[in-house]
């Protein structure tokens, strides 16, 4: 009688111990998560692969910045980058020629023949090519948050994400005007900017402004009148996906567009009429979670992409077709 | 023989009393030590006690601790949904409207590659359909979580974090959480995002590391 | 580790400091200016179980212990104890979901003792200490009726069998092993093993890991025959309680007065906790010689344990998630073919420096090493003590519950004729029946009627002629007990 | 059966029976549901996924969408349904069990009879005690055995964690096959490949504070040569215009065991040759086969010394006529000592017998001066000696010296030694290019690359990745198979020392003596950058848990104290 029961007991204990081990294994394993709980970006990556890859990375300049924010191209291919608390001036080869320390973290930059305009959260500073500060303009209100600058020969446009407006200045810092894109008697929602990415670029007589919340680019006259727009919200490759894209734009010499997106960090190329042409850099190019791919396009068709993820400037040249 | 036994017994009895006293004193010492320790620490950890109403008083009332998920560490691996001791996990999705972009194309709501921006089943991301989307005005939509349906898989959180502002985040719903002595999810969490926090700040952690205003 | 407020505070600080620009931007994100006058809803924050409940729980625990003590020592009522244990199942079990229970709470206290950065909520502190304090005064009252884990096992005892002594002693090592290992893992902040593998909490939650629930169910099934398997052969808190109750001031006794060696309580205890009069006859010096031998063995056992301990702890260290992570990272970095797992991916994303992790892990392994030494020595000591306790025959004349093993369930009361003798005084037979406990009514009836009082015993005692019991019974009649003996 | 309350007993029995059946059924039901929800969540329906994929193809298909919506609803119902089912089931089961237990208790109570204890049944006896003692002992043994078993079971997979390539590239054996090869026999470790095997070097130290610095010993004379390690001694060369010396330090405490001046050598020039300061007289690293150590100096003096510092032989086969000074390090294999002798008189490859130092063979190379060092690789089971030259890269049979192949791709002032990975040779030099050459017959160039080329520091290849650093401070990681850049990182200070692969990490010391420890994988992850506290250009030696580093002034032994 006892013998039997002891045997049974021992077996039972053995079973319990083994169950413990099983449980322990289950505890550690991360395989027990159903597919339907996991977010898959396969759709996008597939779409990217299907789209034509028009560009090829020809070189890459590592930057001596921890958090590069914006870049621009100056005269004869010189490059300027802002980030951390510094402004870097580089020659066309990407060799760092000068490092100008700034008082506060810069957010955006524009470079004309005469001046370098550096945008900060709430104000703009003007430097000359030698890197001396010429002017500091007045603050634009404590809600201001500048994220983009663009200049032509005599006017500077500043995109203010904080107040969702675009400022227009003369080079002397005098305020020429501002507009919020709401159109006459606010018929339009204006600039919808859920996250701090609001960029603009000047082409001929119009300034192109991103409206990320509505996934489109809008062209405005210097007077602030909307001329045209293109772009659609879509998870297809030809549209802009994400709550707010494109994050940055650049306009090529032929008037075509280069756009960068966050979420799926990628760079795309559009024709001047907004027709999707193809990829410049698919999302697997950049480290996971890269945001803020600032863009610049020089006159010989090279596209510069600021890659904060790998702290470098990537140069892309059109693939010879 | 009997005499021997008696003396033996008394000796044992005496020894026992002595040891018992020692044990009691020791136990008392431990308790006092612990309480005073808690007092000391609580005055020290003021940074954790942010937002704690009775932070000053807390030295006198040692804090109860609750489990908390740190959304900034969370990688939305989906284990919250599967490894809670409760069949329907105590981790749920929370939404900070103040951070929400009210996006029309919300990536916490729409399946990747959704064809139409409608609330039809085939466009929804949430496996349990726990997210409600209501139109406010062009182009804004409000997102709300139906806690009863949410299973805390974090799929929407991933989408929102990746494409949007990260206003959606996972957190422990303490009306459901049993506050186990050892949290089963904490042991499973690959990001080590679970930790015990003072009672007062069960919900102070929010996506993007900012604390609830 | 998980309960470290300090580290948490540092972490919080860190987050605030190193928040990347994107974050700071998103923080001051201006909400859309709605024209329809839409107002932002606030995020609901469902409140946790009110703090008051912890006080109530603690008070309830205290009350239950007091009642338990009264029932077991004063009223000597099995039925009352049964009712109390039913309450325990209902309140501490199903209502409070079996957590936090004293069986697990020692880990929190031990952690707080070994790691100066952790704290223990006062309620937990009381939950830990109250049962021990009661054990120091009245024996394992807590086990008897107040422990939810014990209570659920107690009600399924139907056909208890007596295990062979050798098996009983062998299995009685397990709680010490469990205690030691669990303590080590607490010391290294790896896990709360006792909580993780608590077999019955899942049942009380009516939810939980499938295998745990199965394990609990299995234990309950075993428990039908082998009474309270968890309490006797696993429970680490039981070890502490047995130590405490070994020093107890009062203890539960089978007989209300003095033992008369009637042997009737032999089968009374399902836990085999009643110690019998010794029948062994061996020369005193034999036992002493054996004892001396074992005492000589002690240093060897200690040494061996101390030496092998780190090997065991090294084995256990593989359970620690930080050590697992480090191993994974090492692996990934040395063999690129290895895929990142979630842990390492999360770690790399977190931006913590590998050096710091390395640092932490080396310290941790040191902890495991030292802990291992202590653990090994502890095991050595335990075994030595166990052997020493079995070295020689302790002369015992009475049937009495063992100080350490008696779980104060009160089953044996009804078996003692003396009990009924006392109850009989000025009380109807009905009351005796109603009195003498839940599942043993008829025992009471059966027993009460045939032998009532010592007279019958005398006629009955020839059943066991020549038992030292009967002789010493006579001796007892002749010379009344000294107060010390009562105390004993 | 029971006499007193038959009806009660009967009722209890029936109740018990019913309850048992009820509970059994219910628990089985629940278990299945439970396992279902555990293993495959209803939400994870493949059917739904398929439909969703279809909708990607034909978005317009209306009844497809209908199907999806219907199925989706169904699935979610099923899921939450199962949850509720479990909850309800648990309650029912609880009730059932309560009834069962109660009933059983009643039955038990009614049925139970007085057990008449038999005399002497369960008293404590000596043999009971004996058994118990035995049982306890056995249990102890059993538990220990169990633990050991688990330990063994767990420790098994660790064996596979070592890279499989190790033995393919394992260092060559010295003349005596019985003894183990020296742990760090020469320039860039075993066979000059820049890979340290079976080492677990520290990742943090500080020369300033002395943390993790086991010892630190001043080196009498300067030199750019790197330390080598054999039979618990660290060997170094140092020298100036007066005299060149070989030093031996004790691995244990770093004391200078002996120093051997390279004097009185037949054929040694009266006056030392012209050398530049950044090459010096002792730039070439020594080598050892474990029995002897071999050194070469700028004036062409070649010495063989026994471990205790006695000179076994010394030769001079001509002063290297070399614009900067001789810098190419030695390499030995199977009783031969190889010297890459590329100077203005035209290149030579010398092989000397390690016993005696006579010339085994001397191969003419048609090259310009070069400062690179030879490497020894195993290709198709054959050892090959590979020399980077200007402008030719060539492979030789280490036994006979026959040239197996050559490839013209180099240029500039070649000081960079080749890297090797699994049949692919990687040679690079500033102002030339980086080319990956597949050693087929004839060798094929897989790809070439012109950016961030190294100038002094030699690249290292490991598991299909090439790591190269240059004196501008950039370190680049490329995929060897196709040359794509995996990552690149810029440091403020440049590199003369070469990267070494140890324990899956790259150890790369910059001019200031800061060692950058980088995971040998992507993305770029730095383990740390401990500083030596003084400038360093030499290549550290990795042995076991220790690193031996030569600073400008001192020799450091780094490791956990």
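Note that the chains are named A, B, C and D in the order they appear, and that numbering of residues resets to 1 at the start of each chain.
As a working rule, contacts are C-beta pairs under 8 Å (C-beta built on N, C-alpha and C of every residue); 3 or more make two chains touch, one makes a residue touch a chain.
Computed from a predicted structure; not experimentally measured.
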Interface with more contacting C-beta pairs, comparing A-B to A-D: A-B
From chain B, the most remote chain by mean C-alpha position: D
Chain centre separation in whole Å, for chain D relative to chain A (CA means): 38
Averaged-CA centre spacing for the pair chain C and chain A, given as whole angstrom: 60
Where chain C and chain D are represented by their mean Cα positions, the distance between them in whole Å: 47
Contacts with 2+ other chains: residues of chain B: 77, 87, 100-102, 113, 127, 165, 184, 187, 190
Chain A residues counted as touching two or more neighbouring chains: 27-28, 30, 32, 34, 36-37, 43, 192, 194-195, 289
Chain C, residues touching no fewer than two other chains: 26, 29, 32, 35, 162, 164, 167, 196, 207, 209, 341-343, 349
In the complex with chain A, residue positions of chain C that touch it: 20-22, 25-26, 28-30, 32, 35, 161-164, 167, 196-197, 209, 211-212, 214-215, 218-219, 221-222, 225-226, 229, 233, 319, 324, 341-343, 349
Parts of chain A lying in touch with chain B, wherever the complex brings them together: 27-28, 30, 32-34, 36-44, 47, 189, 192, 194-195, 213-215, 233, 235, 241-244, 262-264, 289
Interfacial residue positions of chain B with respect to chain D in the complex: 87-88, 111, 113, 115-116, 120-122, 127-129, 149
Of all residues in chain D, those that touch chain A in their complex: 38, 40-41, 43-45, 49, 56, 451, 474, 485, 487-490, 492, 523-524
Complex contact set, residues of chain A against chain D: 32, 34-37, 43, 59-60, 62-64, 287, 310, 312
